[in-house]
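The following block contains the structure, expressed as structure tokens.
Chains here go by letter, A, B, C and D, matching the order in which they are written, and residues are numbered from 1 within each.
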Amino acid sequence: ASGGGGAGNDTITMGFAQVGAESGWRTANTKSVQESAKEAGIDLKFSDAQQKQENQIKAIRSYIQQKVDVIAFSPVVETGWDAVLLEAKRANIPVILTDRAVDSQDTSLYKTFLGSDFVAEGKKAGEWLVKESAGKSEVNVVELQGTTGAAPAIDRKEGFAEATKAAPQIKVIASQTGDFTRSGGKQVMEAFLKSNPKIDVVYAHNDDMGLGAIEAIEAAGKKPGVDIKIITVDAVHDGMQALSDGKINYIVECNPLLGPQLMDLAKKVVNGEQVPERVVTEETTFTQEQAKADLPNRKY
Amino acid sequence: MSVDAKQAPLATEPPALVQLRGISVEFPGVKALQEVDFRLFAGEVHALMGENGAGKSTLIKALTGVYTPTAGVTTIEGREVSFSGPAEAQDAGISTVYQEVNLCPNLTVAENILLGRELRRFGAIDGRATRARAAELLADMGLHIDPGSVLAEHPIAIQQLVAIARAVAVDAKVLILDEPTSSLDQDEVAELFRIMRVLRDRGVAILFVSHFLEQVYEISDRMTVLRNGRLVGEYRTADLSRLELVSLMIGRELGALAEVERLAGQAGEEASTVPVLQATGVGRKGSVAPLDLRINRGEVVGLAGLLGSGRTELARLLFGADRPDSGQMTVDGKVVHLRNPRAAIAAGIAFCSEDRKGEGVLADLSIRDNVILAMQAANGWARPIPRKVKDQVVEKWIKALDIRPTNPDALVGKLSGGNQQKVLLARWLVTKPKLLILDEPTRGIDIGAKTQIQKLVAELAQEGVAVVYISAELEEVVRLSHRIVVMKDRTKIAELDQHATVDDIMRLIAHVDERTEAVAA
Amino acid sequence: MTSTRPLNRFRSSGLLWPLVTLVLLLAANAVVRPSFLALRIQDGHLYGSVVDILKNGAPTMLIALGMCLVVATRGIDLSVGAIVAISGAVTCSYIAGAADPTSAGAALAGMGIALALCAVLGLWNGFLVAALRIQPIIATLVLMTAGRGIAMLITDGQIITVRNPTFRTVGAGFLVLPVSILIAVAVFVLVALLTRRTALGLLIESVGINPEASRLAGLRARTIRWTVYVFAAICAGVAGLMISSNVSAADANNAGLWIEMDAILAVVIGGTSLAGGRYSLTGTLLGALIIQTLVTTVYSMGIAPEITLVFKAVVVIAVCLLQAPKARAALLRRTRRRHAPPDLDAEPAARPNTQTLTAAMVEKVAQP
Amino acid sequence: MTTSATPVKGKASLGTLPGRRSVPGRVVPVIATFVLFVLLFGVGAARYDGFLSGQVVANLFIDNAFLVVLAVGMTFVIVTGGIDLSVGAVVALSTMVAAAGLRAGLPAPLVVLLVLAMGSTLGLLMGLVIHYFEIQPFIVTLAGLFLARGLCFVVGVESISIKDPTFRTFATAAIPLSDNVSITWSVVIALAIVAVGVWVLHRTRLGRTAYAVGGNENSAMLMGLPVAKVKVGVYVISGLCSAIAGLLLALYMLSGYGLHAVGMELDAIASVVIGGTLLSGGVGYVLGSLLGVLVLGVIQTLISFQGTLSSWWTKIAIGTLLLLFIVMQRVFMRRQP
């Protein structure tokens, strides 16, 4: 039997409420947290919410009950955390947000937020396209959205739209959800190819949908990356491979390896040290050349 | 059509309580009723007569709003009505027991009796009071069962009584009983008739359907005869002899029927002594006390006893439907272990259940599929019976048993009760069993068909089939059987030979003390 | 009375309305975008939206076929989605770990192992339902939950990508037509023959209609129930191969997610009652095609993702109303009343819709 | 030995006491489920420190209040032999409508009424279609699921925070039961609904008729019972319960979101079935369903106390515990006559 709270001894106990394991990205994120906890000597209590916010809240409750030293979690959505965070605050357990923020006005409910900015990712993708299509008269874009209602889908769409607003030649002629999956991306792209004679660019909200789209494009007898340019977000291994193979043109990175940074922050927070309110993870973008160089040392 | 001279005069009577005029009911492809007139008076017991499928149940359902007639008017106390469902009919004072037991098997006896009119206290159902009231109602009918027990645990006869108790529990103007007696034995019937008389004297109009002529003549004042969905006529019971009634029902001269009856009567005199099935010490805890039983080739063995005496349970043991926990059985001298019905069927045993709705026919399958099912199951799934053979077999039995409609594609669920029973019988006859166990095979079957079935049993016996015959009608058992096993309290109390009479059996059942003598005899 | 005229037979078989729905959906697409029905040969195989529908609908079709038999025995199988994930995960992991990940041998071995495992899972479901007599929905819920976990355990939560031409054939290959649809049709024909040419279909139906009466008629009710679960699992396994092969990757998280619902929907749209008994394989096939056409319609008509579900709901309700005799009768009566002479009795008796007799009552009374 | 199954032998045995023995017979499955639940809880208490505390029990209720309410409504539907797949989506829609309404400045009581009316109306519509057009409940409520989920996204794609002070105070208020155990108002509401559910299903004619319809709809019709009213009624009840559950979830999350409660219908159905209700209708207990929810809840709690399971082991563990439970239940029940 594993002992309960770590309140009594020196090792820090962290409760980590993961969203789920809905994608390879998420699994990499989980692994990173688990591995760095072990390295940092932090006793990790991990729970998987199966993509349900109520389960995450339950898990956080149970961590409060188990009197852990610090709680970290990746919110499924921005909203709806006030009540449980208030409970944590009352119990004097510091909270760290990872991956995305919550919309509480009361910022004292959590200590810090470590993670990426989905809107910024969409913007980066859009900016690259604007640069690429300078001088062209017409650029028809089809968008493969993530799961309807999911935060990354909303934000990446918004960021992209914002960045391409200024370029009138860039037109999103079709936009559908591919549920962040390869089969979804492939099916949607198949339909797009048949209903839209002229597609210049695919913007996929993650690599997997982009990879699915590549298959559809190839089946239609076109060359992905050449006849139709592809922009994706994430930079998972398979995506990077396709990028270096020339089938994808541009990838905006969304780094799942938050573990080490998280453990640092946790230690500081538990020891009462001051931490910045917002820690942005280092994220970059990849072109085909950069991908070739970077591919050998991709971890996930 | 020439109307019989004995039709009841209408002029002198008070206005009818219920009157149907020109009622027609159609189902896809079937004209179940065509322009039928019907009258029911306060304070009478009116029998509705007709063969299986004549349209009796349909008439009742048209009256209570289950079916909407395509033509005709219904008046009650002179007012024209058109019920949209049984609920409205009930509100108008018509209380009905439909043919198949229509209760909820998952609820308790008390709940079934009082559903919709439970006793309440502070708006909540008072379970205790409801049960007490149900117990009273049951006791009125001479039935002493736990009203808190679940209905499904009771045999079909008890369920029938519960349905009747439910119907008589309300203060109705009209009481309709569609074959209420088909599964009851004599005592229950007597009890029911006593109640019916009380109600009639109170001025309730009672509509009664039964295939037992004796009962009809005993209780009814007047009768209406239907044939093939058409009205034949309305008669005073006293004016109509049995023979006349039967010929009105079947629409033929009676000669043919008498012939059949004669044949059936002379149940094969000479049964062999070669045993087909031999059971020693076979029993099951809580169900049947261990007993010995031998059934010879070509022999009809009747099982007699009261309700709940364990006849059905014994039959189920012999068929492997329930597993015996003691004793041994041999078929044709070889020891068999009847672990399930399959094994029994493989050993040449067939069992026609008394509960045709729950354990018998498959309502959503056609007549054809129902008839060949057991044969097919024995053949195995990989060897389908060729279509041609199927058609031949099915056609043969439809004709032999006079199943109506004759279309083998008709869904069995839509057949009249009696015809369903025939389909079930046909299913087992096609398997050419060595031993045929019939549990109430003539339940709900009209007089013509009943004699047909009895004849069939006699013929089968003559061909060498061993038959176990269970029936609540002791006359039938006595007439057909070479040997009669009498059951009481789930124990075999006697075995009588061919010359036993109904009285002998009744005496045995009534007097515990005679048990030992009888077994010795 | 059943007519011998093929048209009437077809009408009474209940397939008419699903077919009408399908045609209407396709027609709507063709109106909005005339090229929808266009077909051309591309790299030696057919190419077009309709082909996509067939290809992408094949897994649902297969699963629905298995589900149809399960439903006919009065059961339900929620675990098929999880089995899809397991099947893909096992195959891809095996291929990825094989000595030569591109060889036909690896692909065949991987698929064989996967299908064998699926059969075992079907046995497991059948064990719970037929032997332990646990209610099917809860019995298969166990595998629905745990199965996806098992799939993720196999892939370690990662998407496993494989490049194996043989494996690719199953879901993305073409023999003029997509191989996946050929497989689905082959299985359909096989099942149809197996159930309609042998007595299996009859036995399955009777177990579904009344298990106890069937047992007393000498049927192996338990074995039959057990078998259909195994069959459903194998169908799901093959569907899993198609789905993962189509994208050359095993996605344990998302493969076959909610596909059990689609399959059940297909079965029900096809006219099979969840209360068991009579079933229609052709109807099920049509049902699956309707569902896939619906999905493709959403994509190709450019219906906004926000209202996709509302659109789906409307179509599903419309299909059901079309299919329900009661609803059709009600509609018909209304229009008749407006247009036809009021003398309904003059109509021939063989037209149930025009009878005032409530068909529903008849049905109800006929059922035990 | 309990129960009435012991046969009354023959007609000779007069004077059976009416119904005295029937009561325990009916609740045996519920008792069995309860015993197994306690067993499961005991395992947790033995394995994990801090498990055996009042607050853990209280949390079981706090965290599952909405599911309890859903299960109550679902019990009604399943008892009549139907099924309602739309509940999860109606819950989501309720949170969405509540949040959007509050954001638009509607007063909280009005919003509550609006949501309740919406839930019951959806239930009513589905019930009417199911009964009068005779379309299978599965497919109608599945369409209802699509519709309700779809409407969520029509209201808005993003999640909406609830800032209304009434809702907030209601959500965060704790009702202390003892020094270190407290519950929320949601629990009180959920338990009240359980009580009402028990009363209606087991003690009123509506409830009895629901059982009758589930036992044999045709017979119920022939017995002159108001089948239509009850069959439609249970879907209204389920719709209403979904709306209430939606409000409780809105309190729990303080937000409305179209992706809330995805798949919750399965949790509800599973709880009901675990609680001893037969999916084929006619047999079931509201209290059993409550226990069913608690069983699922305690399984989840066990797993989160374990705290070392990866995502997939979590799923496998849930499946295994569920299996263990239902098999034990089966074995337990089989020994009963």
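Just so we're on the same page, a residue touches a chain if its C-beta (ideal position, glycine included) is under 8 Å from a C-beta of that chain, and two chains touch if they have at least 3 such contacts.
Predicted model only: the values in this text are computed from it and were never measured.
In terms of the stated touch criterion, the partners common to subunit B and subunit D are C, listed by label.
Among the remaining chains, those touching subunit A as well as subunit C are D. Between subunit A and subunit D, the centres computed from C-alpha atoms are 35 Å apart. Subunit B and subunit C have Cα centroids lying 43 Å from one another. Averaging C-alpha coordinates per chain places the centre of subunit C 29 Å away from that of subunit D. For the pair subunit A and subunit B, the distance between mean C-alpha positions equals 72 Å.
Chain contacts: subunit D has residues 153, 157, 216, 218, 221-222, 310-312, 314-315 touching two or more partner chains. Each of residues 152, 157, 305-306, 308, 365, 367-368 in subunit C touches at least two other chains. For subunit A, residues touching at least two other chains, in rising order: 21, 27, 30, 148.
Chains touching one another form the pairs A-C, A-D, B-C, B-D, C-D. Only residues 1-2, 197-200, 202-203, 205-206, 209-210, 212-220, 277-278, 345, 349-350, 352, 355-358, 361-362, 365-368 of subunit C touch subunit B when the two sit together in their complex. The touching residues of subunit C, counted against subunit D in their complex, run 78, 132-139, 141-153, 157, 252, 261, 264-265, 268-269, 273-274, 305-314, 316-317, 320-321, 323-327, 330, 360, 363-365, 367-368.
Only residues 21-24, 26-28, 30, 145, 148, 174-177, 179-184, 186-188, 190-192, 194-195, 208, 211-212, 215, 219-221, 238 of subunit A touch subunit C when the two sit together in their complex. Residues 4-23, 25, 199, 203-205, 208-209, 211-212, 214-216, 218-226, 282-283 of subunit D touch subunit B in their complex. Residues of subunit B that touch subunit D in their complex: 66, 85-87, 89-91, 96, 98, 102-108, 110-111, 115-116, 118, 120, 123-125, 127-128, 131-132, 134-135, 142-150, 153, 166, 187, 286, 306-309, 488-490.
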